[in-house]
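Chain naming follows the written order as A, B, C, D, E and F, and within any one chain the residues start at number 1.
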């Protein structure tokens, strides 16, 4: 099936083509693999709405004696129903996976399986709690996410729409970090602070930025829009927009081949000036 | 006890000396530690054959409301019983740990405890499913593995025999990656793609290669047999056989001191030409 | 509430101000968030002593069909009650978080939520078992810790007091590693061996050292007291005391701005001599 | 605390004195028993409304791999919110326990602990499903109830308000049974059918009837209002109103000492005419 | 759908019409109730054969930390595959429910939901184990059955084919009891011993007997074929064939209206001679 | 093995022959049945003392999200260690099974499997709590026992030593009931109250009494020592010592053949005077 038209991702004329697509994909998957029928029925087909299903699936994964899935689901549903921004972000994030991950051509795959997507949505709920002053519960969710997915995002961090956390293991995002829209972040990346001072001490990442695997970006610095951070780089100072940086410590090594490197997922970088 | 003779790893004259050894080691361990008796009986001594025990142990670890251990175990048993190659690979992988991990002198330790070994065997089953077109279930297994072990191997990736995934946390292996025989890969390594194009876009790793901790190898490039990739390196172009590369981006910095650096696990590399 | 006076961390005149503080913080948190009341009552308020609560909480997190929480708790309680050093270390480690983590101002947060803290305390119990020759159970705990937290510390490794494992995901510490007091270690760090020889083959880290995110320190080398290892560095040879090293491979790039970089958590480093 | 005024059981002026009472009793219980604080917070204090708490508690008890607590809770909540009759019945049933059980003086006790009360409310939901033609799910709930509580009530059976199922173990109520209001039924009672014919074949129990422990009432017979059925009786034909029957088979042995023997719970009966 | 022809219950020409029927009924049930789709897929549709499904379902219900569902399922499968008699008995018992329970017109209902049926099949496995001298495991199964279903059948007891344990709660069957074919036993029945002597001390129940709710039959006595035991009776001496007994203690009160009272399920009995 | 000498049941010269016997029996059982090895190691062999094992086993069975096994075990251990009477009673109750149950010749069987024994020991702990005014927790334990075992004993009820609750399903014992020493009670028995008055309203059962299956004893009446209550009887008035009563309602029908009918377990009774 072709990808959905971007306009349809957030619904059209009271319909939800994205959720319909996910259900249709799921029906096909079940037909081919009886072992998964039980899981897919409970998680997808049982639910009339995407938000009902997502809250069910996330709560199921975070279930523990410390906080039952029933309790957690109430929190997720409350967040999704009271916050239109989050509902839009969920769909933009799903779209981002299809748009950028060459190995993924079906919407139900990130919905069911990609822990980067799951952690991101849990963060969105945690951030919504944090904004309302419910810090304890937000920190609890962060802790469960870190333990379950090895992805550690402080609930105060601000993340835009259309984010792809690819694979995600080892990702750390600090309290005062800000990430723009349409950003792609690979595994083992750190957006970390430096020093012990309170206050604004984590990176600000512009729109469309690509951060390759294992990059560490440290301190209250700015990575300009459309920039690319090479794999394994350690970035300690500002990165100008639309430049490529790489190395330990990172230096400007070139210019990305497109406006939005996050969408191209081209992790190569020139070595000529080394 | 001395290591088993390599010829005996895959059985001899209808006997299975490896499984006998594992059971014997386990009996000794139980005698010294009553707390583990329950676990070791259920996981090892209860089983007449290695494959029965391994399917039990892996299913136990992946058990979730989404797919019960009983269902998963049927899949593992089916794979192990129908695929002689996988059965041989399991034994070669166990042997690889004993051969190369200085801290490990007993076969039951990786069998019971090493998540790199567990993830590798789950991948082998996932890959067997993938080859039969059962992509849904293969992706489900990948997802459970990624969540449980923080090890993310696409089921289409082709891995040889005698692989050591040491520690394993943070490992990512992409869809079209190919890994030869007798390769050692440390934690936080990425064998990743670059760009959004479909098709062959991940690294090809030759026999006997050693990939040290945190190395990122990106794109459809070739790491020649007997090569060594230094810790923290970012490899963006082909690596000739029997060379050592290191750095961000990686350059040739020398020649490994042996034919098969994977077997030596010598992670040092010269800095002379920096 | 202001931080506790360091003298009071280990108790004063038969009182335990630290545990009282944690309980008081918890009562305040419950008042603001009913969803967590159940968890916090069971984990904190139900317990008269810190060690009772910590053993309960850790056992709860490691609970599995392989070893029930009840069994594990007996082991933790035995270790905590028979080993005064461990009891002191727990308190020093809690204090280290408050002292160095700008985002954390309450003692109950690391106690309940920080997986670096949890893994560290499980290691302390595992190490206590290892010293008594109970290697099987120590390796079992290591395995559970690695699976649950993506933190892998060999039980033979020797870790001092006042350690901060910040975030922790991806950390690997080898068998013969030694870590001094007041050390801070970020996520994705490796203190690894090199070569296949048995015996002493892992790093020795001096007091007050700061190891930034993603650094790999390999081999039986010495990182001198008060040194700083930059993010993403690969360290293959000795680091003199009170120097800053960075790069792949790492070189001396400067001098930390304080005696104890671990306490400052300043991850910046100069690039001037590159 | 004195019992609530009957008028207040169903709420008064937008208030819910019953739920407030249950919460108040629970706060007192927690103050005296820290071990239960966790359970009581999650089950009572966390919930603003009785129906939210009851659906949570019942779902928790019926949770199984076959149907998760999250799924079941949605069903309970749907029934409670769409059916005012059920909401009234819940309160009448709670009141019945306080009114008739000499050992029980607090409303939170049946709410939390009495399996007769729990089974009765599950039946009410099952009956609501049955009436809508959702027979499969109704039978599923019956099955879970029978397994969990040893109480087996066919979802088609019609039960009135203010029912006390005291202890409840072994109770069986058949498909076409009808039970009036203010009835008390002890443990091991059967309201069973006789013969294989379809159609109306189970007892009809009038208002205010008391059925003592172990009584078996079989066939489409009528037990008149205000009647009393002695313990261990086997009733095979109609029982006139306001009479006491006893024996195997049961005969009229006297007249109850009150209008509503169900409220008196007087299980004695005369032997004079034997 | 009409009941299956009795000849087809055990399969015909390599086909298994009973299993096909159960699957067809289940597909219809799923179409009407999405909540059960997950459970029914996992328990019925996922399985090619009745025995595979039944072993899965029973193991799921007996799952506990003491013996995992995976272990138990192996035992059930072994019993079902090695014992043709048991396979026939399962089908006869299913047929007995349809034949005699007026409230049940579908084969999948007892298969999925009726605890009397489940306990009976677990007993069949336990008895098979007992016959092979595996008394420990047989007693373990009895214990799990008693706890889970409140049905307690000693594994040495011999039960025929086509048995209906209706509702089942409270049933106790002793070690040397023997039950013939086509017997119906209601809830709270005891087939008990008397005295402390070892050896044969429990009842022998003939073919076609009906034992009504709450009857206690005690001692090594014989209930002749086609007899009926009234509800609540206490039987202490032999019952001639084709007679009805009732009372405490039981006396002959008449003659059943059919050859096989177990098939008619007519629980009425005459009182004339009292 | 012969039964232990009664003098040795409570220990002799600092030894605990009963616990040694149970462990020895368990070792033999394991040797014959590998499937149970895991369970038996965790529950018996892992424990140095009977009380440690029993608290572990009971807590395991009552484990639920409402109160974890860890919490419950602390309560059981506290009761067993602070109350010598309970410790003696446990042993007397175990001995009672061996002494009276013809089907049971090994001490580990009731310890591991008999729910009557388990419920009785949970009651002993609940009663200990009740006596200290911890009514909430005592009622919680009663509720868990009723749900898990279908055995419902009010924690205020006073039970003597050497009690056999045979099978146990359906047993109900009321608040002010008192049961003497060396009493045997079969399944489905009720020791119930009558009327709604507070205060003393349940039966008092003398030493050595045998209460057969299904008997209902109602009201503040006295069953004299050495009396026997026939199966299915309904007892509404005092029973003289050393008499046999039976019927609905019960009448004196004879005299037991021994001083302590509870020890003989002879459930027969004469019908001559009916």
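Rule of thumb we're sticking to: a contact is a pair of C-beta atoms (placed from the backbone, for glycine too) under 8 Å apart; a residue touches a chain by one contact, two chains touch by 3 or more.
Quantities reported herein were computed from a predicted structural model and do not represent experimental measurements.
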item	value
Between A-D and D-E, the pair with more C-beta contacts	D-E
Equivalent of E-F within the choices A-C, B-D or C-E, defined by over half of its residue contact pairs recurring	A-C
CA centroid of chain A to CA centroid of chain F, Å	58
Distance from chain E to chain B - Cα centre to Cα centre, in angstrom	49
Sequence positions of chain B contacting 2 or more other chains	35, 38-39, 42, 46, 60, 65, 68, 71, 150, 169-170, 188, 214, 232-233, 248
Contact footprint of chain A on chain C as seen in their complex	29, 32-33, 35-36, 38-39, 42-43, 60-61, 63, 100, 102-103, 109, 112-115, 148-150, 167, 169-170, 186-188, 212-214, 230-233, 246-248, 263-269, 271, 274
Residue ranges of chain B in contact with chain E within the complex	42, 46, 56, 59-60, 68-71, 73
Chain E residues touching chain C - in the complex, by the definition given at the top	65, 68
Residues of chain A that touch chain C when the two form their complex	65-67, 71, 75, 134, 136-137, 139-140, 142-143, 146-147, 150-152, 154, 169-170, 172, 174-175, 188, 190, 192-198, 201, 214, 216, 218-219, 232-234, 236, 248-249
Touching residues on chain F, where the partner in the complex is chain B	34-35, 37-39, 41-42, 45-46
